[in-house]
Structure formats: structure tokens, C-alpha cells
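The next part holds the structures, each set out as C-alpha cells.
Common to both upcoming complexes is subunit A, partnered first by subunit B, then by subunit C.
Moving on to the complex of A and B:
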């Protein structure tokens, strides 16, 4: 394990793992509730009186102005209770940043699907049918719907980037004097955060107090923005998201349906439910920006990089702040004296761009890690060997030491497990019947962050514990890992720890996002538990270090006392407060990994099938082997998805998504996902946070698509630099079949 | 979804007597119709549920073929032992379509009548002559990756999405119907679907209220059978190009050939010129190239579907090699 000078006591107790709970492959403690249907999601809170159902009516143009709205027929339609059309009570867009409220209603249309009306009816079907009767007259303007066509006018230094433009040394000079170079453009399309559970809200008022069941990744910002939009103090708004059917970044903000449900509930005095249709999710939530990446690599004759540049252009809707941080995962991956990472921005009249699973790394690794593969081929050395030769000693951007970095171990262990030595260095050599067979790999990188997070842990008089925080479990396993952290700290089996999440009345957490949820909320729980441990030690009359907690007993010397006896009939309740801490600024922190992939490419049709995939990861302490493994597998499936299929297609004439459903937005189906193997090489990183866990979730995505792409090249010798790698792009380069 | 009336038919005769009125549709599995109703692409005023009619059996015909009831689920038909033995091209085509759950629910008759998956047909805010006659075709000049390259018109470039129908076209199946007046009709599958022309909203030759009761297959054909479906993912994706091929080789020459194509046109595509280029010839790339030339002589891409032309050529040649190896 990696220790820091002031090793926290909580970390030491987890390291010791006396209870033997931390890190084990414990089944999800919320699993039975989910499979029996007793876990209720946002749309399933029906109430006693029949609710009203809302349907959002969006603009059917991508740019222009609403001139007139005729909702008379909708108001007269069967089952309709209320139609709010072309009205300042509506909102015009979702929000995903630090806003205090959602943007106000406007007649100026800036993206296809922008809300123009809300229909409330006795059934969702009636609301939807009535919505079709609303007539909207527009003045249509020429929209900016095709980002590449706008690249000449890109802002080279846009305000408020997530990562600032950085330039160190002279990349141009290094390119001019290099023995080997790669200079290529890589492009990726719009991606959708397509969670299984669409965005949905049930809202009602009791007096001036609002209750909102919604599907959110983080409750604090949701509460702030809904309260702000309703013009009430946030204390009067309670947000509940105990169960969330996937987020993928799409639920990091507040989507219009939540505010519209709250508003409509106030207007009608009734419980209001609104769920986005699958086709609305594409337009009303947000997209991952398409990217245009100009990657340049320069290397000397031995394969040591002398320059790395990744200059990208992305798009955003005017007035929104998120700029896809393409180079996020590239900054610190390889040593090279000259380094340049920039992002330019074009403004478009499209749905807002924001966080979609592994912002930056997912798509940025596609450009950089294919370029590295191309350089290895030019140098005639193995792609892993090239990466080894360019492994930096310290963070090449800041010069700081790494808190822990087991990337070389990921390469080594991965190569051994995968059988990398059997890969042909020459592409288009291996055949299996009609299939070309190829192997590829890529590095994975994900920055680690700790975000301020609070949790309350209560030890009841009977010695059982309850963990309470407004943290969410979006399918990742939060319930389970927090039970494991508390159980390990307090010496309790998992069945004696209850976890209550997803209620804004509880202590404020980091929320789920940025792969910081487990480390941050876990640390808050560990800190609360550490204080409880100290109080129990006082009652035992020993120093905390001299006391062991196991199976509901405190053990010191030759005494073994049940916790219930120590508690003496009173509960012990403590709030833990995790913060990044000053120490985190003295080291560079990240998680690492290596993906290995075998693909088959049909020599006739160019169809690609992934045959097997292995990911080896260093994400610090693994809190639960099963849920962490599941997250990495999920990330690798995302890699298969964006490498081979995912492409949100915008019709450049209208600015609308052409394929906003799972029929035509191609995420992988079971038949596309072969055996996926996951292995962890990391160890607890004391610098990262109190639980020693580094970023996990998004790590599995970073580099995964590039590994698939590199395997495709190795299989058939066709290099595709434009994601997704669909068969049309391959047959163009394949020999006559 | 618009409100609609629902009636359950007790007999095929009752269904057709009732089925011809304006805005009435039959519903069986509903795997396509209900989706389209939710989107208000389809807005029937009335549904007649035919799912309980006695049309769910597969029986041998006197001619030595097979009679398939219109309500036989796709999953059952694919698994039927006679289909698997004598008509493997049909079994494979069925299994290449949809998903397990959908195949359990989808009926034989409904499969023939499923609507196109054109992106713009599904989007009620777009122009579509098939959904809203006279409104135009947004797919022309738009994104048309999955659209047709053969038999298109300036009104519509949609494809027919069925895999099953492509195999049935190669097998020279016959659609048997019951009309409102009680008459039965036998329609060759090749004539059942229409090209878009100026009326892309009229997709088959069925008359109002006419009900498919059976599909008949002739006796098992000679030769080898192959169904090859090329698609964007391994399952649950419609064909970019598909080929149902039945070829017999005798004495070193191609004795008979039946080839039908999916993903290329508004209907399962058959072209006698393709088969003429093969029959009587020695199997080999020379003959296959002539067949591919014949198939694609009039093919026309619309931008994002241009790749279908070389893809069809490659797939046809490879499939013919497999059929004659």
C-alpha cells in the first residue's frame, strides 16, 4: 500500500481488515429489493389520489422563433386537465453546472425539442395525444447544426475550460527534427448518455413544501436548482433519489422534466408525474460533444517521445459552460519534453454538450492511443514496449510525484494474461475462415479527485449501524461499499449495517459522478466511523489503536465486550466530513489501466466482432471486488459501443437527432459482448483519501475503444480514425473479397 | 397515443367482415404496430384483435409443401422441425431477425406487414410520404444509411425490414388471404409487396379488410440454402444487406438459383437477370461477377447509403461461393 506521511487512522483500520469485509465480492445489499420490485424508482410513487401526467411539447425546429402557439384543441382534448403553452412558467433548457435555476422560458429557439408547452392529463397517453394537437407557428432561422463546417471560425481559447490550454516546449520544432512522427486527425461523433431509466420525476406540494422524486446522480445541486426555479428556499424542497436506473453523466444536472413537474404540481395542486420519452432524452438532456482531434507525436530513433500534441475542436450551445476536456486522459500519460494540449470551441444550435461517461478520456484516448499504435508500427517496436519507454517518472505536466502508478504492472500483467506475445506485429496476417483476427491494446487513465462529502453513522443501542447520506447509487454499488466500509471500521458483519441514501434531508455528499463517489462518500463514512471507534475506545479505557472491533465486539487485551454493552442503551451518532485535504495538492493522483482486445473482421463485409477483452487496472483499494469488476466490465462494454456503433446523427438541415432510440443508436447487445476479463493490480493509496480507493468507474471506458480500434487495424490492416468504426469505413480499405 | 376502439374477432370471417372500415387495423403480436401507435406514426381508430383465431399451426400441404398459419409465432416457425430440415434458409432468416422476446410474440402475417424502419418515418415532425402522403421525403438529402438503393422513387427510398420475407421470396412462397367478401386469394410473395412509386404509403396489394390467413411454401427446393445478413451489430439490428440464396449445382453447372435480397429495396428484391446470369454456368467468380453486375446495374445510392452497393456486390459473390463450394 502507498502511505502518506500522516497516514489517517481510518485508512490503517481498513488496511488491517480485521472484519474481513472490505474488498470482498459481497453481493449488492440492495439486490433483493431491485429484483423483487420493491425498490421504487422516481416514476413509481403513485400516491393515494390519481396523479396527473405531463407531456413536454418541444419545438420542431432547431433554430428560430416561436411566433404563435394554438393550444385550443389540446385544451379541449379528452382527459386534459391543463395546458401551459408559450408561457413564462415554463423553462427552456436543462442545467448541469453551478446554476441556481434552469433557464427561463423563451420564444427564441436554440435547439430542436426546446420546450414550448406542457400538457397535463389523466393518463400519459391522453397527454401525448393532446400534445399532438398543439399548433406552433415559427419563423425559421438558419441554424449552426454541423460543427465541422464551423471549424474555421472556432474560438481557440474559449472561456471556462475544464482543463486550460497548455503548451510546454516547442512541438513544431520537435516534429521537424524527429526521426519518426505521427500527424493525423481523429474524429468522434455525438454520444448520448443513454441510461435504461429515462429521466423521470414525481412531484407534489404540501403547503409551501415540495417533494420531488427524481432520477438524479447528485441531490444537492438538484435541490438548489429546483428550489431556485420554483423561487422557494431550498429547505422547503426535499429531493428523493434512492434508486437510479443508470446515469452515465446524463443525470448530473437537472433536466426540464423535474422543474416542469414541480411547477405543474403547484399550478394544479396535484401530484404530477413526467417521464421523458426515449426520443426526448436525446434532445432534452445533453450530448457528449463530437470531437475533432489533431494529434501529433514526435519520437527519436529509440522511440522516446520528444513531443505530444493533441489539439481538439469541440462544440457547445451558446451560454453553456462545459467544454469536453478531450486531453484529460492524455496530459500525464507519457513523458515528452514538448507538450501541447488545446481545445477550441464552436458554438452550435444543438442540444447542450455536457458530461457523458468519462468526459475527455473516452474520446481523447481514442485519438492519442491510436496515434501511439501508429507510431509503434512506424518504429517497428511493440506498442507496449513503446509505452514502457515513455513512462514518466513524475507527472510530466506538474513535475509532482505520482501518489501511486502501477501502469507498467498493468501492461505486464495484462500482456501475460492475454497472451500478447502471440500477437502478430504485422497486420492482416491471421485468418480464421472468413474472419481476419487481430489484437490491440491501449492504456487507460482517469484522474482521481476527492470531493467534499458528508455522512452520518449511527450505532444503535443494539450495536447495529446505520449509514445515512444523500449520496446516490446509480447502479454502481454505493449501498454495498458503504456497508462494507462501515462494517469494516466498526467490526460488524454486513447484515448489521443499514445504508440509507438518496434523500436530500441527509448529510450532503459528493454525489455520483467523475468516478469520485466511492472514494469521497466512503471517506466520509470512514471518518464518522473513526470518531465512533475513538469513543468506544474511551469506554473501553484504551487507546483506539489498542482496540480491535470484530463481529460486534470490542476487543482489547483479554477483554471482549459486546458493542451493545459499551453503548449502555444509548445510540452513538457521528457525522463524518471528507475533504480533499491539503496533502492531495503535493502529489499527482490518477488511476491507470491497460485494455487488451481480440477482434474478428469479416473479410467480405467488414463486420467487426470483439472476441475477447481483458482490462487490468490500478484503481487503488478495491472496495468490493464484484461491484468494481462490474463497473469495469460496464466501461469496457462502453468501449465496444463507442468503437463500433454509437453515433448520434444530427440532420444538418434541421438540427435534430435522426436516430434517438435504441433501435438505431447502436449500443452493444449481448451478442456483441464476449467474455470480458478484469484484473486489478492496484493497492490502497493513502494519498487518495481515507479509504485508499482511486477513481474506478470511468477508468474502464478510457482507452477501451482505442484497444478495439487498434485490434481492428492489426486484424485487417485498415486504419480508421473516424469513430465509430462501421463496416462501410472498413470495406473501403479491404481488398476485393 | 390516440384512443382507439378494440374488438376481438371470433373468426377470420368475422374479422374481415369488420376489418375494411376506415381506420381499422388488425393486430396480432403487436410488436410493430403498438410501437408505432405510441409514437402516433400509426393512429388507428379501431383495432381488431385476431390473435386468438385458429391460425397458429404449421401443416403439410397436398402438394408436398408447407402451410404456415398467419399467427404462427416467428420463434415457433424457426424451430419447426420441417422448416429446419427442408427450409433452413427460412429458419435462419427468422433467427437473424429481432430478439428472442420479439420472435416469441411476432406473427408470420404481421412480419410480412411490418413497416419500414426509416428514421424519418418514425419521426412525426419530419416529412415522409409514407406516413403523411404528399409531405415529401426527408430521407432524400438527409441521413439515409439504412435506405434502399434499388427500386426507389423520388417519393420514397425506404426499405422493407423483414428477414423472414426475404427467405420466403427466395422460396417462392404464396400468401393466402381472406377478403371481406369471403373470397380467398393466393398472391405470390414476390407480388405481395409494392415498390414505392408515387404511393409509398400503399405497401402491399392487400385490399382494405383483407386478412392474411396462411403462407404456403412449395415443396423443399433442390440445392443448398443460405441466409446471409450483414448488419451493424451482432443482433437486434436490421439488415444493411441480406441475401437468401438457394442454389443447386449439377454436373459442374448451376442447375437452379433463387436469390432474394433484403436491405436494398422497398420489398424483398428478386431479379430474374441475376438468376439468369448463373443458371447453366460453371460456378466461379466470373459468373458471380456477372450476377452482381446484373443485380446492381440500376443501383443508386443517396449519400450515406452509397456503401450498400459495393457491400451487396461483395456479399453476393461470397454467398454464391458458399452456395456452390
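Moving on to the complex of A and C:
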């Protein structure tokens, strides 16, 4: 793309790609460790002496007060080392924001499963058996467990939202004067992050120094909150998280087991291991709030939008700050003079709500993108054409230019690859035996952020490089892409770059979350390398631009010098520091995409099968074709799950999830997922960050489920606005077979 | 008690409540086998017992005296990958890696079941042996992947299954 004067310079070497490493489909460098079971996750940390196993005992009520706890039998049980019950050394909840410590223990119960006791024993079996002997007496109070029942009392302007309520122009007037309108309510249920690795921690003390091997997306916040909870300076706390068995937002904060393990290790002088049971994960880790979205669209006779409104109600536990930013992906997607995006909040006595993969977009895209599909049908124009007609020139919220926006190209390329022109504009036309066949599409949008991040790159005397940062790889491919960035910048093959992650003793990174990890940590690595390049150029006696680095050699003029010779027996070590930078404020930055889906709906039972799906994406520079594609298919499959299966169901009498495990919280399985096609159309975006990569990890999910929902409507003519689209919601409306 | 795991002998006296999974992870230090749910719902704990795939969280260790247990560590090492392990790396059949040992052990067992002609829910007939993608998906559906690497896992298994079939055919031709 065109270079602008205020663009970061470090991208030049990546653009040139002399080493040919950046962007390639390099196999994951941590792959062999993962496929052989040698990668060690948090609960697998080995020590010299046998550990103690902890078991957390949670409240079996959702609201009320602990009156009395009898732990005598548990204390006397075989194998038990220590029982800490109804005790201020415990904590009452996890934390996922900017807290300095986890909330203190309290007898007031605000959610089902809230910790009341911790049992430590020589074996997990002994700990669990003893835990069953603890008797807790409660006074039960009426809890607020059913968010929709509380909507009348919602706070219309809750404090500290992620995106403030915004209103531009007069939506009501536009609706009144419009040729075509959509005015409907869409809902999404509670969602769980449900990483495959349950939250787990191994903790031990050496003198006054604490080491916590845990499963975390970001290490510096984890260090701060554990140190705060333990009442020690953070320099005394070391966090290790080299392998993380999935995050999806659920590991952005600190969950109770980490602090309880650290506390128990201090109390006992032993190494302590605690893992949440799968059913505890649902309650002690946060959920994504259910959403109630009132969407209004107004359009003139040509299909130009005159108003967009998405007014939502979400829920949160008192005292917690996160408000699901439903309209995040809707804000800048379409042009329209009148715009209104608001969020109201109800307080509930349920597990806290917080960030789950693509906060906002993952659920908000159902409301907006189904509504757009409904509007297209009313107007009698193709859904892609409707979107084209409403493609904004500049960011419709701020008026700023877009840094890069290949959304129209995503539509075009997607339509071509998918065969969109063969879709029937009229629903319930196409049959394949007992199946109704339909096609749908939706746009994908994910805001791009760069977050402060540091990394150290060391060029050893032998010319090999090591990248070190406290960044994590939660399956996103960080190990591999950082090796590619460093290898490309320094002219080294991937095998000559080692990457060390997941240790809080290393330079502080952005962490994994919000799709900012690759761009931010990659930029820190690129900046460190850039300084190394300048120093090498000095030794070559040339300007950096006049020097090429390739295959471990510096090349300038007719000289080709091995890096080891330039280094002269000394290592070069530089820390790179990436910051959002002034240029990022002058443009609107986001990643874009378009999803296309074909479904089959059983004409008798209403069973839905996704037959094929395509995603075309603009996420700036693709750092690794293989791992980025994997991120996209992962997100698309989450979209399938959100459209068809995932639904956290709360028992409105007790406030507990009735389906807190994989048996009943239905995430997609192999048989639900066809072959998926992914294609990229983006180019390096120099405004985004030094590596030119825009948000990727959450882009794939945004809009994916809406494409499935729109395909279902196109197949059978039943419009379902309450997710997930289970067959009971289709069956009554199915056309006569 | 005596256990044979990856061809090695272990003498352990486990608690009668200890699952085979916890025996592997907590007693003999083989942490490659993962615990995702402890309820038989996710397949992360899949190992091979006497060659057949099994959810090791759903079976007690004391039931496996003298059984031959094979875990992910018994299939290959980082420097000497099993063909399925190599195919998973090539096709990016994983992201976080936590379900991966279970997927791979399950695939080993599954390919053997298919080779023996065992039908699945989606088999057209009892003697239709073709291992289509649909068959692979059906037969692997007990192994969940929240990172959702499913299409890549199918590609990895497909490659090995086709390779294995080709080898068999070569073998058959040679024998004929």
C-alpha cells in the first residue's frame, strides 16, 4: 500500500521479505511439543516433592448468607493436610479487570459456586472426598437470576461502559419517514468461554518469593492481582504460563484457584495444585452476558440507510465493571445519518459477566446482520447490494478516514468464490431430498487496537536470535509468528530463532486478548530488530537501507559477511517497545470480512446442517498463512456454535447453570463442521502497527453466526431472532413439505 | 499393582478411586494425556488400552492390571513423530494443543476400527469400508476441540488414512 510519511518505518523490511519468511504457512514451531504431549500446561508442573491437591468447595445457593460451616469431619478425613473454611484467607470471586486483588472472602453469597472452603490433601481423591463432608448452613435469599424479568428496571446509562452510549441525529424521525423499516428484537443467551483446559494452577514459595504456574492470557495483570491478593510486592511473584490450553477471554483475569493455590502453598509450605472441575469452570470463570437487542433500520426507496439503532440490555453481577459492548461491531459498519447505539444494564446474582471471544461483535452481529438481511428482503434487493449501497466513505461515527478497509473486496471475492449468484432470493425454494437448502451471508467487523508491548531480541555471537517476552500463545500462533517477524527482520531462517514466552520475568507484553496480541507483540519484536539492524549496519559501515540481511549474512555492495563475524564474539541484545503511537488516533482502524454459508434444514424435523462455509477477510498483513487461517476457521466454527447450539441455561430458582459441562453446553463437534474455506484479501496496514497486521483472532467469529441464521431463513423461510436456532424454534413454521 | 504403559513397567499402588487418567498424570508423570472434563464428554483423555481407544477418565486404574496402555508419549517424540503427529503439525490440526493428544490417540484407534471394517452411525452399509470425510467426522466426534481445528484435523487424518490405504494396496499387490 501507499506509504505515508507518518507511517512506521519498520515495515519496509517485512514488505521486502528478502528472507521469504513473513506471511508464509510455516508449521508451528511449538507443534512437535504439542502433538507429543511434551508441552507442559499449568497443572503439569513437576517438582521434587509430592504436591498437595486443593479442592474448592462452593456455595450451593445462588443468593443468601452462609450462617455456619462445619468442617470437623473433613479435617479428620484421611489424607487431609489442611481445611480452610469460612475464613478471611479465602477469596470470594475471580477478577478480570484492572483490580489490584481478588475480592475478599464474604459470607454474603452473590452467585452459585462462590468459594466457602478449600480442602488440601495428599491426593485429589482424598481432597474431593473430604470436601463432600463439609456442611454449610445458609439463609437463602431471593436472587435476581432471570435477566429478562428485570428489564423494566434496567439502568439506561450504566457507569464505565466499554463504549459509551452514542446518539447522532434523530432515529425516531427517520423511522417515521422511511420507505422501508425493520424494527425487531434479537436475543443471544449466556455463553461460556469453555477453554478445553480447565483453569489450573501450581504454586510454591521459596522464602518470600512466590512462583505461580497458571493458565493465563496476560501475565502482568495476573502478577499484579496475585501479588495484591497475597499482600506482597509484585517483584516477589513470578508467573509462568508457557502453554495455555485455550483462553477465549476466560483467562484474561485471575480465577480464584490461582490465589487459593498461592495462599495454600504459603500456609502449608508445600507445592499446591488446584484445577477447577469442569462444572466449576462455568460458575467461577465469567460468562458472556446474554443480550437483548432492539434493532431498528430505516431506509429510503433505493435502500440507502437513513437510520441505524441497536439498543441493548445486558446483565452483570454487582461490583463488576464489564458491560458487554453489543454494538462494538455495528458502530462503523454502515453509513446512515441517524445512529443510536446504547446499552442498558441489569444487575443479577449470577456469575460475573466479562470478555468472551470478540466482546460485542460476536453477539451484536446477530442483531445487526440479521436485520440487514430482513431489510434486503423487504427492499427486494440482494443483501450484498444493500451493503454496497451503504458502504461509508469515512468512519460514520468519528468522520476519520479508514486506515484500510477492503470490505467491498471481501463481498466481491466471497460472492465469486461461493457462487452467490446461484442463491435463490426467495426463501424455501430449493430442495435436496428431505432437506431445504439455503444460502446466507453477513459482514464481519473487528476493531483493531495496538497495546503497549515490550520484547527483547538477542543476537547471540553465533548469529542466532532469541526473542523473549512475557507474551502468551493461547493457540494463536504467537511462538511461530514472532519467530517469523524476527527471522524476516534479521535475515534468519526460522530454525535460527528461538522464542521464549509466558514468563513474567521477561519484558512486559500486551498479553493475548482483544485480537491485539499479534500486532502489538510483533511490533515490539520488529522494533527491537530494527535497532539491531541499525547496529549491524554501523558495523558494515553503511546506511541500514543499503544493507540486506539474508540467511545469516549481512549483504551490502559486493560484501556478504556472516552475522557471527559482524558480532565479533559479542551478543547484541535490544529491547523493543511498541506503543499505539500518535498516528493511530488520526484514522479509524478495523479488520473486515464477509461470511457465506450454505445450510440444509430437515423439512420434517427442522434439524440444521451447515454444508459449506466461506470466509473472506481483510486483517491487514497475514503474518502466517497457516495459523491465521486456523484462527479464522476457529472463529467461524464458534459462529456455527452460537447460531445452532451454545446456550448457557440458568435455573431461575437457584441461579446455577443447569448445563455447565460439555455434555449439555453444546459446542460444535467434528460432525457439525464441514470443510471451511478461508481467503484473505488484505494488505499490510502501516497505520495499524509496525508489522502491518490488523485484528485477526476475533474477526472470524464476528458475523459468522448471522450468516448461518440468514442461510436458515433462506432455506426454509422461518426467521428466528432468538439464538441459538434449535429445531423447536423452526418446526412450527416449516413450510408444508 | 503392575501396569504396562508405553511398553514400560510401572509398579504403583493407586487409590481404588484413582482414574486411569489420574494414574497417568499424577502417579507416573505422563502428563501428555489431558483432562478436559473428567466426565467422558470431551475425549482429551483418550488413550489406547490393548490397542482400543478409551476415555481414561471414565475407567479406574485398578481395572487395568496387566493391560497394555499406550499414551501420546508412546506414539512418538518431537524428534521422531508418529505419522499422525507429523500430519497434525503439517495441517495445523490444533491451536492450543490441549485436545491434541486425545485427538491423535483417538485417530489411531479410529483408523484401526475402520480398517477392521467396523461400521459407524453414518456408514451406508455394514460392509462399505470407505473412510470418507463424513466417516472421519462421525467417528471423531467424541473428541472436542474448542479451538475448533476440526477441518484441519480431518485433513491430517485423511492424509494418513489415504497413505495407510495406499501402503496396504501396495502390500496387497506385492503379495498377489
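Brief remarks on what is shown
Assume the second predicted complex is superposed on the first by the 730 of 737 C-alpha atoms of A that agree within 3 Å, B and C clash if a C-alpha of one lies under 4 Å from a C-alpha of the other, contacts with A are read in each partner's own complex, and residues count from 1 in each chain.
Definition applied: a contact is a pair of C-beta atoms (placed from the backbone, for glycine too) under 8 Å apart; a residue touches a chain by one contact, two chains touch by 3 or more.
All figures in this text were calculated on a predicted structure; none of them were measured in a lab.
Of the two partner chains, both subunit B and subunit C are touched by A:669. When both complexes are overlaid on chain A, the residue A:570 reaches neither subunit B nor subunit C. Looking at the shared chain after the overlay, A:634 reaches subunit C, while subunit B stays out of its contact range.
Using the contact criterion defined above for the overlaid structures, shared-chain residue A:626 touches subunit C, although it does not reach subunit B. Touch criterion met: A:125 reaches subunit B and subunit C at once.
Contacts of A:48 after superposition on the shared chain: neither subunit B nor subunit C is touched. In the superposition on chain A, A:476 makes contact with subunit C only, not with subunit B. When the two complexes are overlaid, the chain among subunit B and subunit C that reaches more residues of subunit A is C.
Of the two partner chains placed by superposition, only subunit C is touched by A:275; subunit B is not. When the two complexes are superposed on chain A, the residues of subunit A that touch both subunit B and subunit C are 125-126, 129, 661, 663, 668-671.
By the touch criterion given at the top, residues 60, 78, 125-126, 128-129, 132, 279, 434, 604-607, 609, 644-645, 649, 651, 653-654, 656, 658-659, 661, 663-664, 666, 668-672, 726-728, 731-732, 736-737 of subunit A touch subunit B in their complex.
Residues of subunit C touching subunit A in their complex: 15, 17-18, 22, 25-26, 29-39, 41-42, 44, 71-73, 75-79, 81, 85-86, 88-90, 92, 94-101, 104, 133, 136-138, 140-154. Contact residues of subunit A toward subunit C in the complex are 27-28, 30-41, 43-44, 46, 123-126, 129, 194-198, 243-248, 275, 277-278, 474-477, 626-627, 629-631, 633-638, 661-663, 667-671, 673-676.
By the touch rule above, subunit B contacts subunit A in their complex via residues 1-3, 38-40, 99, 117, 119-120, 122-126, 138, 141-143, 146, 230-237, 240-241, 307, 310-311, 314-315, 317-318.
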